[in-house]
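Each of the next two complexes has subunit A plus one more chain, namely subunit B in the first and subunit C in the second.
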Partner chain A sequence: MTTGPGDTGPPRRWSPTVPGGGHHGAAGGPPQASGVSAARAAVRSAVRDDAEARARALLVVRLTIALYLAELLLNLLRPHVQPHEPALSIFERTTRLSGSVGRLLATPRTVFWLVLAGIVAGVLLQVLVMATRPDERRARTLTWLTVAVVLGPFGLIPLTVIAEYPLQALACVPGTAFALALLHFGQRFSRIPAMMLLAAFAWGALVVFGLGRAASNLAFGTLYGFMGDGAQSDLTRLAERQYDALDVVVVHSGVVNALVVAAGVALLLVLFRHRVTDAVTGLVVGAAIGLGYNLVESTLIIRLFGTLSAFTGTTGGFEYWVRQSIGLLGGQVAFGAVLGAGFGLAAQARRRGGRTRAALAGLAAAICGAIATETLAAWLSRIVHDHVSVGGPLDTLVVSPFLWLLPQAPFIVVAVLLLAVGTRARAAAARDAVAAEAASGTAITRWEAPFLADPALRFWSLVSTGRLYGRGSALALRRLQLAQLDLAAWRWQHPGVLDGPAKEEGDRLRARVMLLRTRPGIRPAAAPRPGQVTP
Partner chain B sequence: MDDTRAAEAADDPLRPQLLLLMAGAVIGVVLLGAALVIDLTGANDVRTPAVPTMPSGGLPTMPSQGVPTMPNLPTLFPTAPPGATGAPTELPTNLPTNLPSIPQIPGGAP
Partner chain C sequence: MTRRPARRATLHLFGLLLGTLFAALLILPLTPQQASACDVSYAYRPSIDLEHFGRTRTCSTGTSLVGVALVSVVTVGALTATGFLVYRRGAATAGTPPGRSAPAPALAAYLQATGLPLPPPNRPPAGGYPPPAGGPPPPAGGYPSPGGYPPSYGRPGGGDAAPPG
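And then the complex of A and B:
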C-alpha cells in the first residue's frame, strides 16, 4: 500500500510559492536537516524578503516611531500643573513603590531610553546600508535588524507583565490556545500559514500592547497638563480634571491601538506568502492580533483587580471568568477581526474607491467600537447595579458578563457574519476555480472536482479512504487534496491569461500535484467517486 | 473603460462584505455618539467628595509684628496648700498594733 516515513509526517499545507521552495520538498520529501536550519528554512520560505517587502516593513516602522515621537513632543509641550514637574511626565516620581507594581510603573521610562537607543541604532544601520551598498543577503539582515531594534523596546512592557505575573499568564494560556486553534482550523478552502498566525499573535501581544501602553502613559500626562492647567488651587476641580483626562485617554487608546493593529495586518499581509487574500484572511490575522493583546491585558487586569479588589469591588477570579471564557472572543479580538476583514477586503478589491471604503469602514468600526464599549459597559453597570446586588452568583455569572458583552455584541455579530459571508464567497470561488482547473488540465479530474469544492465531501472521502486502505493512504490523499486546493487557489487569484512568474508558479503547482498522484500510497480508488459505495 | 467594467465585475461579489463592514462602522459611530453624550453630560462621572477650596494666594502667612506673646509662666510651684505653713515633716510612730476582733455572728460567717 504505502508508505515511507515522509508519508506519515504532517502535510505541508502552506508551502511557499517561490522557485525552489517547499513545494518541491513536499513532493519529494523534505531534506534531512537540523532543527535550527529547518526552522530557518521554514521562516525563509514563509516570509517575503524582496526589496519591496522590506521597504514596506521599514515604512511601518517609521510610522510607528513617528507616532511615539509625536506623543513625546506633545508631552514636552504640556503646561505644568505642579511646581517642579519634570519635562516628561513619565519621569515624575509621585510615590516610591516597590515590588512588581513599582517595576511596572518604571518600564515606560526604560522604554523611553531604549526607544531612543533603538532609533539611533536603526538610523546607523540604515546609513550603513546606504553607504556600503551590501549584497542582498546582508541588506536583508540589516533591514530586519533595524526593525527589531526599533520596535523591540515596546515589547519590554508586556514582557515585564508576563514575567512579573507568570501564574496569571499561564492561567490564560489554555483559553488563548483554544481560540488560536479555532482561528486556524476554522478557515475553509485556504488557510494562512501557521507562522503568519503566530506572528500576528506576537504583534498584538508585544507591539500593540507595548506601544499602546507607552503612548497612553504619555498621553495621560499631556492631557492632564492641558486640562488641569488653571485648576491647581481647587482640589475638587483638579480631581474632576483627572477623570476627564482619563476619559480622553480611553479615546486616545482606542485610536492608537486600532492604528497599530491596522499596521500589523497590513505588514503581515505584505510580508507573508499566503495563497488567498480576502476578508477571511484579514479577519483571521486581525483576530489573532487581538488575541495576543488580550492575553497580556488579561494577565495584568486579573492580577491588578485581584490585588485591589477591596477598592474596586471586582476580584481577579471574576476578571478571569469574563475575559478568558465568555468574553474570550469579544473585545480586542472582535474589533481586530472587523478591522482585519476591512483591510483584507481592501487588498482584494480592484477599484480604488472600494479599497478605501473597506479599509476606512474597518478602521471606523474598530476605533468607535473600542471607545464606545468602554464607556457604555461602565455606564450600564452603574445603572443596573443600583438595583442588583453586587457580587452575588446572579451578578457574577449573568448580570455583569451580560453588561460587559452587550455593547460589544453588534461587533461580534458583524465579525461572525463577515466570516460566514467571506467563507461562502470562498466556497463559490473555489467551485469555479476547481471547475476551471478540471476543465483545462489533468491535475484535477472531473471526478475529484466535487470533493475538492465541498469540505464535507472531502472529509468523507478521507474517512472512507482511511477505513478502506489505512491511515497512510488517507494522509497521502489529504496531501494530494491540499496540493490540488493550492492549485485551485492559485487559479482563483490568477483568473486571466498568464505568463512570466505567475504562469511558472501554476506549472510548478500542477507538477507537484502530478508528483503526489504518482507516489506510492495514492491510488486512483483512494479518491472515491460520486456514487461509489463505501462501507 | 473595459478595465473599469472588469474591476466593477470583480468587486461585485465583495459588495455584501463591504455592506457588512459599513454596517459595523455605522453601529460604531452611533455607539460612540451615545458614549460621548454620556461622558459629556457627566452621567458616568466618578462621584468625588467636595474638598474645600484653597485660598488663591496660598496659605496665609504669620504677621511679623503685633503678635501677642505668651505671658511668663511661674517657674516655682507652691510646696504647701494655700494657707498652710508647710507639710508635716514628722509622722506619729506609736500607732496601736492590736485591733479589736470581729464579734461572733450567730449562724456562722456568711
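And then the complex of A and C:
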C-alpha cells in the first residue's frame, strides 16, 4: 500500500516474531487485580454512585413502593363480600394446600411483611444518613442498602417459583441465554456493558415479576370485593364474578408491569455508565428486562398449565414451545423493547415536549401490547373453535401459536423497525467518529478506519485472522477493535473536547488502544467509563 | 432518509398501531371466552366437559418438541447463513476473491497497520512476507477495488489520497 504525501504510514512493526519480543510501545500496563477486588473494581467502574445518581435511584425506588402501597390501600378499602373477611385479602385462609402450590400461595403474605419491614428499615437508614451526614463512602453504602431492603422482598416470589420448579426453570435457560447473547453481540457500535444487560435481566426476573404478582394478587382481591355480590351459594355466579375480576386483573397487570419495566429502564440508564443513550440502548435494556420476566413467567406457566391439561388441553411442553421457542422474542421482550426504545428516544430529544411524547408512546405501546395479547388471542381462539381440530398437529404447531403471536406482531414489527433505524443511525455516526479520530490521532490510522466502520469488513478480518494466525491472534485483534470503537464512541459524544475530565477520558482510551497494540495479551484493569474518575 | 424524518415516521407508525389496537380493545366485550384451540394464557377460559373429561385431545409435548427442534434448526441455519453472507460481503469489500487460501493483501496491510505482533501465518501471504521496515509493497497492478477499498476517509477539509493503483 503506497503512502501519500504527508502520511506517516502504518506503524512499522510487522515482523513474524513471537508476541512480546522486539516491540516499541508503552511500558507495561497496570497489574492484574485478582478475585473480589477485581469484581469490586469492575462494579465501581460500571455503576455511577455520585449523589445525583443515588438521588434518582431513591426516587425510582420510592415511586415503585408507592405503587405497592396504593394497591394495599385500595385492598383495605374494598367492600367485604363475606363475613369475617380479613382486612387484606391476601390473608384470607382458603382450603389449606400443601406442596409447591401452598408455598406459592403463601408468598404474597410473606412479601407483605418483608416489604413493611423493608420500608421501616429504609426510612431508618435515610434518617440515619440525614442525621449523621456520613462521608461519601458511607452515604453510598447506606443508599444502596436502602434500595436493597426496600425492593429485595419482591424477589421472594420469583425465587420461590424457580426453587419450586427448578426443572422447568432449567429448561428455559438455553433459549433465554441465546436471546441475551443475541442482544449483547447484536449491538454493533458502542455496546452497553455486559453488567448493565445482566442487571436489566435481573430487574425483569425479580422486581417486575415479583412486584407485578404481588400487586395483581392484591388487585384481584380488591376487584372481587367491588364486583362480588355475596352469592356464595350460586357456584355459576361465583365463577362468573371471579372470571370478570380476572379479566380486569389482566388489564391491571399490563399497566403495572409496564410501569415497573419503565422504572427499570430509567434506573439503569441513569445508574450505569455507558457511552451512548439512544433508541438502540433503550431497546436492548427493555428487551433484557422482558427476557428476565419471561423466564420466570414461563417457568410458572409451563408447570401450571401442564398440571391443568385435562381442563385446558394444554401441556407443559406446548407452553414451552409457544413461550420459549417460537414466541421467545415476542411478548414482554418485544413490549419491553418498544418501551425502552421510547425512553431512549426521549433521552435524545432536545425539547421537553418531545421527551414526554416519546416516553409516553413507548409506555402506552407496552401496556396496549400486553393487554391485547391476552384478550385478543383468547377471542381469536374462540372464533376458530369450530374450524380447527383441537390438539392436532396443525393446532399445536400452527394455529394456536399463530393466534398467540398475531396480536404481538405489530409490536414486534415496530421493535424491528426501531432497531433498524437506530442501527443505521449508529453506523453513520460510527463512520464519522472513526474518520474524525483517524484524522486527529494515532490510535486509529487511515488504514484501520475502513475496517472499524464496516461491520462486514471487521467480521471478515477477524475470521480471516483466526484462520490464518490462530484464535489468540483473532482475540487480540478483536480486543484492539473494541477499544478503538470505544474511543470512537467517546469521540461521537465529545466531538470538540479540548480540556477537562472528558479530554482526560479520551487520553486514557487512546492509551488503552496503544497498550493493546504493543501488549495484546494484557487485559488493562478496567476501561475508563463515561464520567468515571480514575483513582 | 435522514434521521429526523425517519424518527417521525416511526413515531407516527407507533401512533397508528396504538390507535388500532386500542379501538379493537374497546370493541371486544370483556367476557370470559370459552376454550377452543389450545389455551396459552390467563385470559383463555377452559370449557369443562364432564362427559369427555380426561379424554380431551391436548397439544401434546411430543408434537410441541418437534416444533422446538424445527425452530432451533431454522435459527441456527439462519445465523450460519447470515454469518457466511456477511463474511463474503466483507471479502468483496476488501477486494478478495472468495475461496482464497492465502492472506489477502488488504488483510496483510490492515494487520500491519494495527501493529499487533502476530505469529507466522498458517499459509504464507501471496508474494512472500513483506519487509520488516518500509511498509508492505503494493501488489503488481495495485489493489483490486471493486468495492472501492479502501473507501476514502479523508481528513476534514482536506482531499483524499488516491487509492493505490
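One rule holds for everything that comes next: the second predicted complex is superposed on the first by the 455 of 535 C-alpha atoms of A that agree within 3 Å, B and C clash if a C-alpha of one lies under 4 Å from a C-alpha of the other, contacts with A are read in each partner's own complex, and residues count from 1 in each chain.
Operating definition for what follows: a contact is a pair of C-beta atoms (placed from the backbone, for glycine too) under 8 Å apart; a residue touches a chain by one contact, two chains touch by 3 or more.
Remember, it's a predicted structure, so these values are computed and weren't measured experimentally.
Asks: When the two structures are overlaid on chain A, which partner does A:Asp234 contact: first (subunit B), second (subunit C), both, or neither?
Replies: It touches subunit B, and subunit C stays clear.
Asks: For A:Leu397, select first, second, both or neither according to whether it touches subunit B, subunit C, the two together, or no partner.
Replies: A:Leu397: touches subunit C, not subunit B.
Asks: Looking at A:Arg351 after the superposition, I want to know if it touches subunit B, subunit C, both of them or none. Which is it: first, second, both, neither?
Replies: first
Asks: Using the superposition on chain A described above, determine whether A:Ser473 touches subunit B (first), subunit C (second), both, or neither.
Replies: The answer is second: A:Ser473 touches subunit C but not subunit B.
Asks: Considering only touches as defined above, state whether A:Gly369 meets subunit B (first), subunit C (second), both or neither.
Replies: Once the two structures are laid over each other on A, A:Gly369 reaches both partners.
Asks: Figure out whether A:Phe411 sits in contact with subunit B (first) or subunit C (second), or with both, or with neither.
Replies: After superposing on A, A:Phe411 lies in contact with both subunit B and subunit C.
Asks: Based on the superposed arrangement, let me know which partner A:Trp379 touches: subunit B (first), subunit C (second), both, or neither?
Replies: In the superposition, A:Trp379 contacts both subunit B and subunit C.
Asks: Let me test your reading of the model: by the given contact rule, A:Ala449 touches which partner, first (subunit B), second (subunit C), both or neither?
Replies: The answer is second: A:Ala449 touches subunit C but not subunit B.
Asks: When the two structures are laid over each other on chain A, which of subunit B and subunit C touches more residues of subunit A?
Replies: C
Asks: For A:Ala436, using the defined touch cut-off, is the partner it touches subunit B, subunit C, both, or neither? Pick first, second, both or neither.
Replies: Second partner only, subunit C.
Asks: Taking the contacts subunit A makes with subunit B in one complex and with subunit C in the other, which residues are shared?
Replies: 240, 243, 247, 345, 357-358, 361, 364-365, 368-369, 371-376, 378-379, 382, 407, 410-411, 414, 417-418, 421, 425
Asks: Write out the stretch or stretches of subunit C touching subunit A in their complex.
Replies: It comes out as residues 3, 6-7, 10-11, 13-15, 17-18, 20-22, 24-25, 28, 30-46, 48, 53-54, 56-68, 71-72, 83, 86-87, 89-91, 93-94, 96, 103-105, 107, 109-123, 129-130, 132-136, 138, 143, 149-151, 153-156, 161-162, 164.
Asks: In the complex, go through subunit A and note every residue touching subunit C.
Replies: Touch residues, subunit A against subunit C: 1-4, 7, 9-21, 23, 25, 240, 243-244, 246-248, 250, 301, 305, 308-322, 324-326, 345, 357-358, 361, 364-365, 368-369, 371-379, 381-385, 388-393, 395-397, 399-401, 403-404, 407, 410-411, 414, 417-418, 421, 425, 434-436, 438-439, 445-451, 453-461, 463-465, 467-470, 473, 476-477, 480, 517-518, 520.
Asks: Sort out for me which residues of subunit B touch subunit A in the complex.
Replies: Where subunit B meets subunit A, its residues are 4, 6-8, 10-11, 13-14, 16-18, 20-25, 27-29, 31-32, 34-35, 38-39, 43-46, 48-56.
Asks: Would you pull the subunit A residues touching subunit B in the complex into a rising list?
Replies: So the residues of subunit A touching subunit B come out as 233-236, 239-240, 243, 247, 279, 338, 341-342, 345, 348-351, 354, 357-358, 360-362, 364-369, 371-376, 378-379, 382, 407, 410-411, 414, 417-418, 421-422, 425, 428-429.
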